[in-house]
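See the structures that follow.
Here chain A shows up in two complexes: once beside chain B, once beside chain C.
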Partner chain A sequence: MNAQRLRGLIRKEALQIVRDPSSIAIAFVMPLVLLLLFGYGVSLDARHVPIALVAERPSAQTSGFFSGFWRSPYFKAYGYPDMRDARRALMRRDVDAIVWLRSDFTRQVLRGASAPIGVIVDGVNANNARIIEGYVQGVWASWLAAQARERGQPLTLPVDIRSRVWFNPALRSHDYLVPGLIALIMTLIGALLTALVVAREWERGTMESLMASPATIPEILVGKVVPYFFLGMGGMILTVVMAITVFSVPFVGSLWLLFAAAALFLLTTLGMGLLISTIARNQFVAGMIAVVTTYLPAFILSGFIFDIHSMPWPIRLLTHTIAARYFVAILQTLFLAGNVWPVIGGNMAALGLIALLFLGLVARISRKRLD
Partner chain B sequence: MAWYRIRALVVKEFLALLRNKASRMVLIGPPLIQLVVFGYAATFNLHHVPIAVYNEDRGGASRQLIARFQGSRYFSLVGMLTSGRRIANIISDKEALMVLRIGPHFSRDLELHRTARIEVLVDGRNSNTGLLALNDVDTVVQSFNAHWAATHGWQTAPAVPVMRAWFNPDLRSRWFIIPGIVGLLTLVVAMLVSGLSVAREREAGTFDQLLVTPLGPWEILLGKALPGFLIGGLEATLIIVVAISWFRVPFMGSVLALYLGLALFLLAAIGVGLAISSASATQQQGLLGVFLFLVPAVILSGFATPIANMPPLVQYLTYLNPLRYFLIILRGVFLQGDGVAILWTQYLPLIGIGLATMTLAMQLFRRRLT
Partner chain C sequence: MATPTPLLALEGVHKSFRTQGARVDAITDVGFTVNAGAITGLLGPDGAGKTTLMRLCAGLLLPDEGRVMVLGFDSRGASAHIQQSVGYMPQRFGLYEDLTVQENLDLYADLHGLARAARHARYGELLRLTGLGPFGRRLARDLSGGMKQKLGLACTLVHPPRLLLLDEPTVGVDPISRRELWSIVGGLVARGDTGILISTAYLDEAERCAHVLLVHKGRLLAQGPPEGFRSSMAGRGFFATAQDLSGRAVEAIVARDPAILDTVVQRDGVRVVMRAGAAPPALSGITFTPVAPRFEDAFVERLRDAASPSPVAATQAAPSPAPARLPAPKVMIEAHELRRTFGAFEAVRGISFQVERGRIFGLLGANGAGKTTTFRMLCGLLPPSSGTLAIAGVDVRAAPAAARARIGYMSQKFSLYGDLSVAQNLAFFASTYGLTGAQRARRLHWAADTFGLGPFWDTNAADLALGFKQHLALSCALIHEPKVLFLDEPTSGVDPLARREFWRRINALAWDGVTIMVTTHFMEEAEYCDELVLMSLGRILAAGTPAQIRASARTADNPDPSMDDAFVALIEMHEAPTRQAS
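Presenting the complex of A and B:
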């Protein structure tokens, strides 16, 4: 490798980045947009769920039971005179659930005969519906405890669960979404941007001129990788700083390990980007392939939002080929749990392997195309 | 307006898009692969969550409880710990998502009709998964409780909730996610096709040539929009067929309501795509512009996280998002059996967004002319 030629190539790529506002947009505006969206916009924790309360024959017992719903911060309760109105409200999506006490509720409760409490939830959003069912159970459990206290009997539940959540005791969804975003942002910069830029060179024919120059293939590749590597690391640092300062996500691991893992991951995405553009040589196709094979899997198959264990086995197998999967595990561990070597070591090794594989493939394919 | 001129432009657009084998393939293959992969992967229903048990109790009751966890499809037992010291490592090393700890007096407490405590330790690194897993533990323990109370003469609760879910009785998150993926993929395809259409010509310099032909701005707009309409409509149809026949998502509503919604959604999505495309000087700018729109549009659509959980200011922002309306239409038609009469409130904003962005796109053609 010739240092002077390499410097020239790097300078050319860097100029291309600086002169095109869209590269800067992807590298710095996109991380900010994503951070703001995930930091402020997105939450899986339902609050103020609109709920319809129907008592067919109101009494002290029914209003005692309902008072838990009126007080709860999880619900916004609305009283309905009968089930017909409540059903219509559910159909119109005015409420997400109905709690229905039949006319013999009071009599059965006083007899101690396990009166049924009708609960109907709107199941369209199944995840939300499950959360709502959990909230209803919570109101019911505290009602039971209050009833037991009133009667002077201890609450008799055979098994009581005491749960402790490690690493994120308050279950703040920010604390795992924001670190996971780093993987998404670096994928955008490393794979999508690189794929587009190199495909453009092929499309415009400037790649041929580059190849006709005295620069060797490794020099051209390194020249492409270095500027985007710095851009990607810049995006990463911006995200980490924002995560810690603005969103106060705890960071308990080592920053050096984070940088090392990020660098490895960035190499895998750059390798993917270069590979895609070398194969596609067309911006539309390269963009489409980059989105489908890197960005969307980083979103859905990486464990960023959806749990990998719960996927069917063919898909689970597929996730092992997704570099973001390993990086997301490292990120969530470093931010929330610390330097857990068994997790970090294995995932780092996997990232290194994938990076080698992609960069090696790129070098091979590019050499062939020179002939 | 002359139809033969528009037809010629549409034919030219299709040629530009489909001439290349690779670009033909990326239009058809990836959306279907994504539907299948994401349809299976994107679920909030947990299965086979790895769980370890540390049982200090020697009695039969704890074995019954553990058997319930083993028998549940939510969990898969990855280890029986023999010492409490392993608990910390097994969670932090991600060998198990949770550890169930049963104290030495579990069976004795139950025999004495006293409440027995169990401790559940959960990995909160992915707090949503942790929360869902805790809910599943709750379900298992409650069924154990009900059984134990009934068979061992415990006093029953004065009232018990009986849960029912409408529209999706088994609460399968797949029924929620897959109609969402239909909307998501349609948006991606329509925006990629339209977002590059003007930018491609600008980069090649042929857009100026197009402007000096007898084609008026309206005709150019129609010629540029129609391919996206056709491709988006066909793709959406294909995806809907797969959603119904492969994933067995119930289709309860009217086809008319769905296709009216699809047409208006395409109008809005292509309008946005063309506006971005006309503002861009190169394909790269067009593509990145489309991307800058797509990412927030997907996140703020209610696709994965409910709009009702967002802060009020962000909720207002979602009114500008065409995907928001289309997702309501899709889920309404698929699961709730909605017809045009209920959904018209979703159609109107789509028409508004479509007309506004199409006009903007046309203005941008003209502005570049001068």
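Presenting the complex of A and C:
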């Protein structure tokens, strides 16, 4: 490898990045948009769930029971005089659930007998429905406890569950979504950008000039990898800083480890991008291949949003070929749990293997030939 | 100092490509040498295999059979050595458009390992040579077409190569920039240690080479010094005229004579080339005046020998026009004080012209003369800033859609759908012009019959031979029977026989009353026009018949200027103040 030629190639690429607003946009604007979208827009928590409260015969007891819903941050409660109106509201999707206290609720409670509560949940969004069900039960349980305290009796339940949530005690979903996003953004910068810029060289005919110049294949490849490596790391730093400052995601692991893992992951996506560019010599095709083979799998199969353990086994097997899967695991661990070596070490090794495979493959199949 | 061994030697080279399972022979048994101190020209129409040969010489492709020896290295084993010392400029040279002139030079200096100390002197020399000195900090994308080519050449020359391979450096470049490129190249070989192989589809550029390789359909048709080609045609060229008869009418009479090898219609006569040893026929009323032979004549003779024994077979393609039927004159295109500004920039500065029905009208100009802008306004694609413009009596500004329905358009790049079959392309263009049912079926039939497209009805347009692609493009442009046909460099890079056939069709169309408008900077096309205007810096510089334009550039040094000479002389006279200023 000749230092002068390599320097020339890297400088050329860097100048192009600076002059071309589209690569800057992909590296810095895209992460910003994605982060804001996921950070603020997408949340897997149910909050402010609109809920209809119906008491057929209002009393001190019914309003005592309902006060839990009015106060809860998870619900936005609406009172309805009867079931007919509440049903209609559910049909119109004004509310996601109805809590229904029958006319004999007060009498039963005062008698100390078991008082049935009607709960109707809109199950169209199954995930949301389950969460609502859980919240309603929570309100009910705390009401029971309050009742028991009032009467001076201990609440007797057959089993007492004391749950602790580790690593993300507040169960905030963007605490794990935002770290996952870093993997997504780096996939985009690494694979999409390199595939596109190499295809652009083919389209504009500059690749033919490079091929006919004394520059060797390793020089041309390294000349592409180095500038986009720095661009990708820049995008990563931006997302990490935003995650910690804007979205107050805790970061408990080591920053050095994060950089090391990110560097490895970036090499896999750069390798993938170059691999795509050896096949696709037109920007449109290169873009499509890059999105289908890297971005979408990173989105769906990395465990970034969808839990890998609940996938059927053939798909679970498939996720092992996706580099983003290992990086997402590392990111979520480093951000929320800390330097858990057994998790990080294995995943890093997998990333290194994939990077070696892709880059090796690219070096093997690239030739200074046009046929 | 010439070396005894040639810089480049090809021996029995074959190359074929596999496309969709079928093997296509791109190069068949080609052998030639390139020596130091001379320009070797690789001439041939588009699709002849010029680019493939260039890539073989640069080691970017390997021959299937035979050998390519470059500076003593076999391209099969030592392509890295070859690329160290060869300068190769691909067609539409890949400049980095978002890099400045200086940055492009720096990149190639780095790639070719030019030492830092040597750069300053070398850059100065190259920038002076190419006249790019004042534009060092300009982005490559903001350069004109001609300047881009010159920058490409400068990048290839950063490290002085012993062998320079230039693949169609003059394509799409106006005649003035073309001359500048040739004079740069000429200066390089003058020193004697460099050899240059340059390819071009412009046959008139053969004269500038010391040795010419004529390729056609992947074969080397002939080679030798250009004088050899010309001298074999000496005394065989004539210009045939007759009183009261147009060039087309004269051609209808003379083309039947078997002693005539080739005819090209011009406005007031026909350029005729006789078969070897034949004298011009004695035809009453027709005068034959001797004219100088051209390189193209030799190419045509060889193509005719190779193609078909029957003389002037192509004339059968077009119906012989009856001399009596002259359409009543009627103005079909009328532009008056046409102006177009883009912000502060005035692209077209008030031009006026008229074209009568059935005329072939040429619009010429250097890059940046305002040709394209004018053309777009004529097509109704760009509204004029001021002035009036009428096509077939329809005001283009008031009713651009109605005007467009009367226009057919065909560009050099054909704009066909490669993945659609011939029939589908025709049906698509028919439907975009609102043809349906029986009318559409009739026009599709017409296209199949007139252009011989029947046998390829279900072939995809991309798989057609170049000539048939052109037929298809022309029939798509004519599918709605337009009154005015716009042609944008329709035959640059097409082989001379195909070009003759194309223009015969165009002549026949004009005879039938279709008005033809041509834009080009390919001067041989200009000769086919009845009238032309020459544009420069947004204004009309000269107008008249080709003969009048040529005559206006007559000087003592050059008593019989070619269209190219006339173009350069007129433009330089007009643009000299601005060119010096920039």
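Note that the second predicted complex is superposed on the first by the 337 of 371 C-alpha atoms of A that agree within 3 Å, B and C clash if a C-alpha of one lies under 4 Å from a C-alpha of the other, contacts with A are read in each partner's own complex, and residues count from 1 in each chain.
The criterion applied here is as follows: a residue touches a chain if its C-beta (ideal position, glycine included) is under 8 Å from a C-beta of that chain, and two chains touch if they have at least 3 such contacts.
Worth saying up front: this structure is predicted, and the values here are computed from it rather than measured.
**Student:** Once chain A of both complexes is superposed, is A:226 in touch with chain B (first), chain C (second), both, or neither?
**Tutor:** neither
**Student:** Determine, under the contact definition given at the top, whether A:20 touches first (chain B), second (chain C), both, or neither.
**Tutor:** Once the two structures are laid over each other on A, A:20 reaches both partners.
**Student:** Look at A:363 in the shared chain and tell me whether it touches chain B only, chain C only, both, or neither; answer first, second, both or neither.
**Tutor:** Neither partner.
**Student:** Of the partners chain B and chain C, which touch A:244 in the superposed model: first, second, both, neither?
**Tutor:** Neither partner.
**Student:** Using the touch definition from the top, say if A:205 reaches chain B (first), chain C (second), both or neither.
**Tutor:** second
**Student:** Would you mind checking which one, chain B or chain C, touches more residues on chain A?
**Tutor:** Looking at chain A, the partner in contact with more of its residues is B.
**Student:** For A:83, select first, second, both or neither according to whether it touches chain B, chain C, the two together, or no partner.
**Tutor:** neither
**Student:** Have a look at where A:213 lands relative to chain B and chain C in the superposition and call it first, second, both or neither.
**Tutor:** Second partner only, chain C.
**Student:** Touch test for A:2: chain B only (first), chain C only (second), both, or neither?
**Tutor:** Only chain C; A:2 stays clear of chain B.
**Student:** Check whether A:32 is in contact with chain B, with chain C, with both or with neither, and answer first, second, both or neither.
**Tutor:** So A:32 meets neither chain B nor chain C here.
**Student:** If you lay the two complexes on top of each other, which residues of chain A touch chain B in one and chain C in the other?
**Tutor:** Chain A residues touching both partners: 20.
**Student:** Touching residues of chain A toward chain B in the complex: what are they?
**Tutor:** Touch residues, chain A against chain B: 20-23, 25-26, 29-30, 33-34, 37-38, 40-49, 65, 90-91, 105, 108-109, 112-131, 133-134, 136-137, 140, 143-144, 147, 153-169, 171-173, 175-176, 188, 192-193, 196-197, 200, 280, 282-285, 287-289, 291-292, 296, 300-301, 303, 305-307, 309-312, 314-315, 318-319, 329, 332-333, 336-338, 340, 342-343.
**Student:** Show which residues of chain C lie in contact with chain A when the two form their complex.
**Tutor:** 17, 55, 58-62, 79-80, 83-84, 86, 88-99, 103, 106-113, 139, 155
**Student:** Residue numbers of chain B touching chain A in their complex, please.
**Tutor:** 20, 22-23, 26-27, 30, 33-34, 37-38, 40-50, 65, 89, 91-94, 97, 110, 113, 115-132, 134-135, 137-138, 141, 144-145, 148-149, 152, 154-169, 171-173, 175-176, 188, 192, 196, 200, 280, 282-285, 287-289, 291-292, 295-296, 299-300, 304-306, 308-311, 314, 331, 335-336
**Student:** Enumerate the contact residues on chain A facing chain C in the complex.
**Tutor:** 2, 4-5, 7-9, 11-12, 15-16, 19-20, 201, 204-216, 368-371
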